[in-house]
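Below are structures written as structure tokens.
In the two complexes below, chain A is the common chain; its partner is chain B in one and chain C in the other.
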Partner chain A sequence: MISNKNTASSLVPAGSKLRDNCQIPVNPSILSTRYATDLIIDISGKEPQVRRGKNNEFYIPLGEEEFLKTVPALSEKGFVLISLFCVQDFEESPGFTLFYVFRLKGFTDVFAFMRQVRTETTSVATIFPSACWYEREIRDGFGIEFKDAFDKRRLFLHEAYPEGFHPLLKSFKNRKIQAVQNPEEAYPFKQVEGEGVYQIPVGPVHAGIIEPGHFRFSVIGEPIFNLEIRLFYKHRGIEKLAEGKRPSACVPIAEAISGDETVANAVAFCTAIEKLAGIEVPPRANCLRAILLELERIYSHMGDLSGMITDIGFPKMTTPFLILRENIFRQNELLTGSRFMRGAVDIGGLKKEISDEALLKLYLYSKTFVPEFDSAIAAVRASSSLIDRFSTTGVLKKKLIAPLNLTGPIARASGASYDVRLDHPYGIYKDVPPERTIKTAGDVLSRFEVKAKEVLNSAFLIQKLIASIPEGAVAAEAAGFAVSNIPDGYALSMVEAARGQNLHWIYVRGGLIDRYKVRTASFCNWQAIEHAVLGNIVPDFPLINKSLNLSYAGTDL
Partner chain B sequence: MNASFLLFALLNTGFIMLISPFFMSLIKKVKAYTQGRKGPSLLQSYFDLRKLMQKEVVYSPNSSGIMRITPYLNLGVLLVATLFVPVVFIPDTPAGIGNIIVFLYLLAIERFFTALCGLDAGSTFGGMGSSRLMSLSAVVEPTMVISFAALAYVLRTVNFHEMFAVTAGSTIPESPTLTLISISLFIIIIVETGRIPVDNPATHLELTMINEAMILEQSGKNLALIELAHAIKQTILMAVLINVLAPWGLATELTFASFMIACLFFLVKASMLAGLIGLFESSIAKMRLFRLPGFYMMAFFFSALTILMEVFA
Partner chain C sequence: MVNPLTYVFRSKVTEKFEFSDIELEALGSELKAEVNQVFGHSLAIRELDSGSDNSTEIEISNLGTPHYDVERFGISFVASPRHADVLLVTGAVTLNMAEAVLKTYEAMPAPKFVVAVGDDACNGGIYRGSYAVLGGVDKILPVDIKIPGNPPSPKEILRGIFALVKKASG
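Our next item is the complex of A and B:
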């Protein structure tokens, strides 16, 4: 069951020390300002202007000189680069502003270092490997060259897009473009040469009904020597789509980022808007949002659990999970009118009230769900042929987690403790912290176990939330907040989606969205697969892939 | 060549061809039931064959004559193999027919051409399937040889027809060691027909395939012939096991009544065996590719044990 330990102590694992060996004080946000200021003075000798953001984030503008001194040094201090994005004409500064967003263990706040750049700048990818994809993304979107980057290939705009086409520039207007028919150069995959090494190209069209992705294996016999992935076959232009729209019109866009992260992305989007506008979400709505978020986690994890078993050819074991998953979908429909809970969340709370009757039904169902789920998991654990396939397959090493910013259950199965709900609590999670689930082996079995445990934790959390749900309105409008009129400003919000940390940053100018940056957990987690498969055999790849459960749509916005 | 044998060829081969697709559907049905699904109709394999027969054949521009002849060749080879395994009655056999060494080589020819065919279209997965099949065959073939050798040793003949003439006369298995050989034969059925835990016939994951990967490039009528050949192979191997372990009903002389009884008995016994295969497939996960030799070794072990027991008994 869920422990009742208080939030502040659960944020920091026991014994973790800060710089100077001081324990975390009571007010972490004051500390993080001071900490960041001290740190930058230490490194660059100049006092920075640390600006407090609207939602547990700090903005620290740095001159080029201080930036080059400071940011590379952050790696040693344990800072993790969680996002890097570009904004054109941010506030009063013409040109491009790069936001380097970091988190540091023990701080609920995140640090956004701002850097003014022209069309050419330097790369930090050698220090923060996760920056590689971000920089390539910025190059495609804005045309900014990272001149010393080790990987300058295109990312989301494939060869068919013409040269000089950068859709996120403000000067770019939506129009038809002429696709390049015969690109001069093929995408240069890493070449592995040697006796007996050969390449297996797989995808982007697959035999099953799955999304497109290209996998280039270099193998020696069956063992995989190198894997390179290529995604972004279905770019939809979601970030551009949101620009120039009123925030209230963008909730459906956020929901469409990835079908099975509907609630997570909608909540992240709405939280950012609420924070920047100072809208207070009614307690009942916060509680209901958490219930929907946990339901989403349950059905998403159930899909993974059954998928992992399907991929080792054991369909009989899969059935109980599929049945339970279907039941959850039906509960979703009863609660919100949509199996994927589309259109449930809105700025300021929920779109419509969820009746106590439906909640009671969910409560009663969750009571039967838990023992049924337990017995399905017990059957899995009792099958030696299944455990043999899961155990030691696709090991993801812990040392990769911080450099690649891997999050979610896959990181927690490799010994990481990070969970946005606990480390940067939002909504009701401040008061009702979920239990952390950590395994250390990092193989498929650990990921299976972590997800199984999280399903149970979510079910218990839902029971707890329903039992103590407050009465009242579910929309902030009832309390007199103007939800349709959003003042100018910007805010960053993060949620723990089923796959891990989703990050949304929204900049509103003139009542309209000027820049909407989304980074789902999959964007970072995809890079884990290239490492997890090494040394495994080709027929185990689908299983490893499924255990990591990476979203194509969530990556290719 | 005598009239009795011609009649046998007609009846036996015709009967096996006719019923083989049924067992494919039956296994699917059993598997579906274990998963709590209704599953496809028991006649679904026939519908599928009819559908495929009417479809156009598409050849990859890289493919050669191998791709074109393999479906006919494989079916032909397996139809010849049906002559070796009597399921309706045991005829007066001309020399060479029923010899287990020839039988093993007929299966080897089929495997060889399937593997060539996988390579022929030049697709990634076909080549992968062929290389896997060939490396596993290196382990399977000795196992099969030792299993059939054990069978020959116990029944003192290398001819299937003579073996079955011996077993058909008895109500209980001729020798207790035949039960041990049956385990080996069961494993051989699983291996040769590409079922779980060796291969997953229901998967869409190209990277995990063995048998399916090699026929990915086949289409239309050619695919129908390959599917039919596959079904026949399964029936023949099942028939070997049935005739060794439970030969009841197999006629040694042909009359209309004995023919009908033999057909009916075989249908019932083979259905039970197909059900058992379905249950077996549902009860375990597919093995890791490199653990498969361990599974084959079980067949090897039981056969070797049989020989040892017979020698020292």
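Our next item is the complex of A and C:
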């Protein structure tokens, strides 16, 4: 059931209409949804029905004409397309509903345009480039053709999948399928031709202990002229796996999206369910969740920092980072019984209490961690040859951030300020806002500096959280909220994972998950690498790749 | 004339690392003795991700970090399957990776061994029943040793490698 069906004018007091993108007042009481509805009224003369969601998100069903007219205007006004997904037989609407989720800088709300489509529709990828992968994903999942799309290739269904197979259709019940043996057609990579241009194919199996993916370089001499990535080798069918399961059974599925984002995805999934069901998470649980989220950020960033140094051959400087990182894994285990903090987060709070003794140990450890980390960073900064390799390498231009919805530390190293913890605060972050870390050069060095600063900020945040941790229950049920009965409905949630904005959308029907859409930061950020490497030499590719630290598992799902 | 005792009593030139794990050291020396016997002093491992959630890769990488540093025990991770004695496979084997998994195995010289690492590699784990996976490495390759865990810790992985070396010697 939808909680509220409102018109735009009843959402907020009538304010000034959006006229100029540069003059947007940053006022949390005014919603970006309001600006979007004003735009729709301006353009189509019709007032849309706006539905209020459960987690500061809004839903705006639009007719085809209003949709097509409004989307280009949203792009002009600086709205960012942060997700696009399809739901079959949504509520009373048989067929397919596409959800185009947008946000606008400076506003805490997000909204989704809902578009009813048949098996053929039109693409918005020329207006919002980030739509390209989403549309290909929807084509694979549901068989919807975007007839004027500039890229109609398959995305996550490789050649092993038979023609006409669309796993997210309700008519497909999850089961093993017969793979295509010896497929004839090769994936059509973009061909770059000209004198002296040659291709370097890399992967899916790489030389190190890393995840699989394919990179197709077109190179002139040493510099990279074009890079095309092909991923989804690790497609495990995460979204379909969740369908038909009780929400409580899906927490381990959320944790398996990307191993090093276990807590972030578990918190995002649980938050969506909690908002949908009106479950109040106890303050102590919110505080503990933030501690775990920040620990995850620390060990993830530490892996990148050491990896960047390793990839240019400085093992001695890597060592202190690796020692500190292993110590963090061991703290994780002391706190939760798992080095990746698996099974710690649950709907309503945490699965079990974390002892004061373990928290005290973490607090004391963080006090020795900080100076040791500082000295490791100082050694890096003192090496001119290392700085020389990092500086001006793999520049990611700021103008790419909005069109591709690049997020997280890699966007903050290119001048963006966006951080879900601050811009759409959740859990305890409303009360304990982290410091923003922004650099502007957009090169490997900036990404190194942003991540190094974020490690320290997270360590200080953990100290602050432990020092002021509230007493009380860590699970909502103990605090008197029913977690066992999840009502029907839908909700969207976002979390700032180590890599950036992770977005989860769940739709519960009959107490079971009907649709689970996951979009991790890596799904967006992977597309940055094709731009960041241009003009750089091939030997810098591993360094640039590491500085972006993208999850294959989190993208391939 | 050099006094041979100076070799025994001279001090280390490396920085001191205040850490010791008696259990790991014992396992390591046993493993080293076995590797010396069975694999002629060095065991070459090629890691292959057939569709894991990446946590197992992280733990395998951690075997090379200062707390573990398993190269001391005669183990090295090699870049090519052509140089490998052992294929360490993580993941439930996705349909999209099945061909690459087979080709990697075929590229290894005989005798060759396969170790499945992590619950998903052992039996499909949480992905069992999904359209997108075969459901465990043994669906596509002959598996010699399975190391369960979600993910298994570095020490558990090392114990599994030890079990493989024991098994290989018959």
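Heads up, the rule we're going with is that the second predicted complex is superposed on the first by the 522 of 557 C-alpha atoms of A that agree within 3 Å, B and C clash if a C-alpha of one lies under 4 Å from a C-alpha of the other, contacts with A are read in each partner's own complex, and residues count from 1 in each chain.
One rule holds for everything that comes next: a residue touches a chain if its C-beta (ideal position, glycine included) is under 8 Å from a C-beta of that chain, and two chains touch if they have at least 3 such contacts.
As the structure is a computational prediction, the values presented were derived from the model and not from experiment.
S.K.: Would you sort A:Ile323 into first (chain B), second (chain C), both or neither based on which partner it touches?
M.R.: Both: A:Ile323 reaches chain B and chain C.
S.K.: For A:Phe314, select first, second, both or neither according to whether it touches chain B, chain C, the two together, or no partner.
M.R.: first
S.K.: First (chain B), second (chain C), both or neither: which does A:Ile127 touch?
M.R.: In the superposition, A:Ile127 touches no partner, neither chain B nor chain C.
S.K.: After lining up the shared chain so the two structures overlap, which partner does A:Gly208 touch, if you call chain B first and chain C second: first, second, both or neither?
M.R.: Touch status of A:Gly208: both partners.
S.K.: Which chain, chain B or chain C, is in touch with more residues of chain A?
M.R.: C
S.K.: For A:Leu334, is the partner it touches chain B (first), chain C (second), both, or none of the two (neither)?
M.R.: In the superposition, A:Leu334 contacts neither chain B nor chain C.
S.K.: So in the superposed three-chain picture, is A:Tyr552 touching just chain B, just chain C, both, or none of them (first/second/both/neither)?
M.R.: Touch partner of A:Tyr552: chain C, not chain B.
S.K.: Can A:Ile537 be said to touch chain B (first), chain C (second), both, or neither?
M.R.: first
S.K.: A:Ile253 contacts which: chain B (first), chain C (second), both, neither?
M.R.: After superposition on chain A, A:Ile253 lies in contact with chain C alone.
S.K.: After superposition on the shared chain, which partner residues are touched by A:Tyr233: those of chain B (first), chain C (second), both, or neither?
M.R.: It touches chain C, and chain B stays clear.
S.K.: Considering each complex separately, which residues of chain A are in contact with chain B in the first and with chain C in the second?
M.R.: 207-208, 319, 323
S.K.: For the complex, which residues does chain C have touching chain A?
M.R.: Going through chain C, the ones touching chain A are 17, 19, 47-62, 65-67, 77, 79-81, 91-92, 94-100, 104, 126-127, 129-133, 135, 150-151, 153.
S.K.: Using the touch definition up top, name the residues of chain A that touch chain B in the complex.
M.R.: Contact set of chain A toward chain B: 200-202, 206-208, 222, 309, 311-319, 323, 383, 385-386, 388-389, 537-542.
S.K.: Which residues of chain B touch chain A in their complex?
M.R.: By the definition above, chain B touches chain A via 31, 34-37, 124, 128, 132, 196-197, 200, 202-208, 216, 282-291.
S.K.: In the complex formed with chain C, which residues of chain A make contact?
M.R.: It is residues 156, 158, 160-161, 167, 172, 174-177, 179, 204-205, 207-212, 232-237, 240-241, 252-253, 256-260, 262, 303, 319, 322-323, 325-326, 329, 339-340, 342, 551-554, 556 of chain A that touch chain C.
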